[in-house]
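So that you can tell them apart, the chains are marked A, B and C in the order they are listed, and the count of residues begins at 1 in each.
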Amino acid sequence: MTPQTARRANLAGGAITILTVVCAVIWAFPLYWGIVSSLKPEDEVVRPYIELWPDTLTFEHYVHALTATQIGRWYLNSIVTAVGTTVLTILTSIFCGYALSQLRFPLRRPLYWLILASFMVPTQVLIINHFVLVANMGLLNTWAGIILPQLIHPVIIIIYKQFFDQVPKEFREAAVMDNASEWRILFKVFVPMNWGVTTALSIVVFIWSWNAFLWPFLAATKTEWMTITVGITQVNDAFGIYYARELSLAVLAGLPVALAYLLFQRQVTRAITLSAGIKG
Amino acid sequence: MIRDAKKEWLIALTLIAPFAAIYGLVFVYPTIDMFLLSFTDAPLIGAGDYVGLENYTRLTSDRRFDTAVWNTAWFVVLSVIPGTFVALGIALAVSRLSGRLQTAVLALFFLPYILPVSVIYLIWDWTLNFQFGIAMHIFDALGIDRIPVFKSATWFIPAVALITVWWTCGFNVLLFLAGLRAIPQEIYEAAALDNAGRWKTFSRVTWPLLWPITALNFTIQLILQMKIFDQVYLFSQGGRPNDNLVMVYYIFQRAFQNNHGGRAAAVAVVLFFIVIVVSVLNFQLMRFAERKQ
Amino acid sequence: MADIVLDHVSKSFGKVRVIDDLSLTVQSGEFIVFLGPSGSGKSTLLRMIAGLETIDRGRLLIGGRECQTVAPGQRNVAMVFQNYALYPHMTVRENMVFGLRNIGMASDEIRRRVEEAARILEMDQLLDRRPSQLSGGQRQRVAIGRAIVKEPAAFLFDEPLSNLDAALRVRTRVELAELHHRIGTTMIYVTHDQTEAMTMADRIVVLNDCRIEQVGTPMEVYTAPASRFVAGFIGSPAMNFLPVEVINSDGQALATLDDGSTIGLPPDIAGRGRLDLGVRPENVGIVGEGGMTTGKVKVVEHLGDRTIVYVVLGDGTPVTAQTGGHSQVRAGEVVGLTFDVEGARLFGTDGLAQDQAAAI
């Protein structure tokens, strides 16, 4: 490369970089616009021109959301159901993944294939029967009823199986020589050796569950049992046309997952690529 | 290793039991139940009589079912194809960057994916608001007539597809980035030594090596978007749901709004098979492509 | 401390026989090395003793107790793995304590044993570190420490030095030998490295093809290899094998090489007829004139303290000679060769040494 072509390539590269950054900013602009609008007084929100920063910064909509809606209750529902789903999913998946990976027992292969096959089944088609089942169990409008159908995440089992498969067999042998029982091998060797995966997977299962809409929407027929994801869409009638108030609810609902992502960016991206079947 | 087969079987059984119980209760049983229900005229809750294939034959002359099928297909086309290419573009742009800048730019592109659908709904309902939406200012500036996108049968599906691309693209970007990272740096160095330009490098090196990831991305989105419900339901509120029906929405409507459990189950069974057939086809295709490589 | 007896043991993986009717007695306190190429079954044999592989047939006695069906942890042996298998999420101390906790040992006793092991291995300052913060040599020591705290009847080592660099390997070799002297426990050590075997072992068990080729002290297997395989496997450079015809002539044993030259053998040497004459390179001399035969020098390797000369005889038979460090021989020269036949061995077509064959 001559110095001239090199300089031209550099310039082009710089231009592409700037373009990328501009695109990224535009891409995320609706998010910014939503947040900013929620900090404006209602009359400022509906002005017919664009104001990138509020004239009067106000938290009145947040105060309203926190005091006049059931958002506190929805938060509680979301936290309980998301944590419950996460803990149960991770625990059952660790158990099942460990058995598939490390133990030899009859029907191991068929079980593995059954789990793989269940990837294909769309859980959305089961809503009717989930509803009937949960209703018959008397669990509509309960945390358990919201959690139960959300516990099907076969991919988590497969990820655990793969990670346990990768633990060199000497560790298991060393533990056996160390007189460790099967439970101690699982909890003192295999699980701690894979803490990274467990954290990453826990965070994404939490996010998935927090964001779940269709099932929680069906399972909670009373407003006090709605999760925040469902609840914030069900208040517009009561509010009429208060846009900023709605947006403040959106910010409050999105905040926990956005924070979880920003704090654990590496784990989240890793777990998401893993869930698509790619080794991160 | 010295193994006590019986003890191992017992331990395995204990470990699998919790999963098996949940799986049986909320997966295997409802799936069977769905098939059984689809042959009855049962309401949502309660028993019904066996009606044979009637629920299925009725679908052939069901206008709403037609709408749902076509809308779903249209939505899939409008979200999957642009979604794949937009994600590829973003991934290529992001992968050039490094360090903090890369992290920050990726975060901006990825952030929407992490948010719940209802937040996406509220933000875009506001952004595309007919009276006060900021996007309408752009329409005005370009001299186009404002469109009440979510009230228009023509624009509804494209608009929701666009928003869906914006919302879920981050996921596909991540997969592409993982694929790009898996291409060894030496290949690019070799290409540079061979004086390959930007476009040559992309078309001759990156794209062929990225092909498996592209196929994976495509497949995942295809199967995901066939099961669309949330966005369509939310944006239809106060609009024209009957024009905007998609498959899952129709199942929901039949079962929960019309109280036709049996007929809804028939639609569910149809969707069940469509998704499975597409999944299996995809899987075979991927295997075939892999073997060819 | 205990003796270990393998009594007619066999083992197959599916249809493949990996250990075939093998018997061996390891004396209490002995340092025994299983030596053999990869695939010889040496690791499998060790793992059978550890309990990590099942024994299909035969008996295993550890300290007189029949152990072939006893669980690995209950056999009172400790194993050091090739990659050490130190639990990465535990500190050194926790690694050592894990096995003791599992059997519910009192914490006083655990503390005493860890301190003792740390003293023996001089690693007090490492106890609170994680394996990832240790060097290769330190990890190796921790792996041994984890075995020592169990105060086992025998230590089992599976190629423990193969992950270390050359210099460290030599040092650790010495340390291991010294450790054995100090604690005097039975040790069984698997390696494919003949130097490790020669330097550390009380006795070497040479394995090949699922069978024991020879059991003996290092000097026995070196000077009196029982088979052509052992002769070729031990010693570097490898022993020369010269095809010869051995005849009796006037009470003298005479070997005729394929190039026609003859070599006088010790009169009492066993074996007559078409055989292979095994001569170690250090017993091949290079002379200007008056050798027993002549050959052309192909390559000369100067190693400083000695020189290795690769020669080809007239009929194409290759011969390796080892001479002093200051040899002036050059490639391409034709040189005379002498053979010191005092330690020479004759091997039959079945690969067995002739005195062995005679003994059978």
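Criterion: contacts are C-beta pairs under 8 Å (C-beta built on N, C-alpha and C of every residue); 3 or more make two chains touch, one makes a residue touch a chain.
Quantities reported herein were computed from a predicted structural model and do not represent experimental measurements.
Legend note: the chain whose CA centroid lies nearest the centroid of all displayed protein CA atoms is A.
Centroid distances built from C-alpha atoms place C farthest away from subunit B.
In terms of their C-alpha centroids, the spacing between subunit A and subunit C amounts to 57 Å.
Note: centroid distance subunit A to subunit B, computed from Cα atoms, is 15 Å. Separating the CA-averaged centres of subunit B and subunit C is a span of 62 Å. Among all residues of subunit A, those that touch two or more other chains are 173, 176. Multi-chain contact residues of subunit C, defined as those touching 2 or more other chains: 51-52, 71-72.
Taken residue by residue, subunit B touches two or more other chains at 1, whereas all remaining positions touch fewer. Across the interface of their complex, subunit C is touched by residues 168, 170-171, 173-181, 184, 188-189, 192-193, 195 of subunit A. Those residues of subunit A that touch subunit B in the shared complex are 12-13, 16-17, 19-21, 23-25, 27-28, 30-31, 33-34, 37, 45-46, 48-50, 88, 91-93, 95-96, 98-99, 103-106, 108, 111, 118-133, 135, 148-149, 151-152, 157, 173, 176, 182, 207, 210-211, 213-214, 218, 228-230, 232-233, 236, 243, 246-247, 249-251, 253-254, 257-258, 260-262, 265, 268-269, 272-273, 276-278, 280. Contact residues on subunit B toward subunit A in their complex (touch as defined above): 1, 3, 5, 8-9, 11-13, 15-16, 18-19, 22-23, 25-27, 29-31, 33-34, 37, 44-45, 90, 93-94, 96-97, 101, 103-105, 107-112, 114-119, 121-124, 126-127, 129, 131-132, 134, 137, 166, 171, 174-175, 178-179, 198, 213, 216, 220, 223, 226-227, 229-230, 234, 237, 248, 251-252, 255-256, 261, 264-265, 268-269, 271-272, 275-276, 279-280. Residue ranges of subunit C in contact with subunit A, taken from their complex: 50-52, 71-74, 77-79, 81-83, 85, 87-90, 98-99, 102-103.
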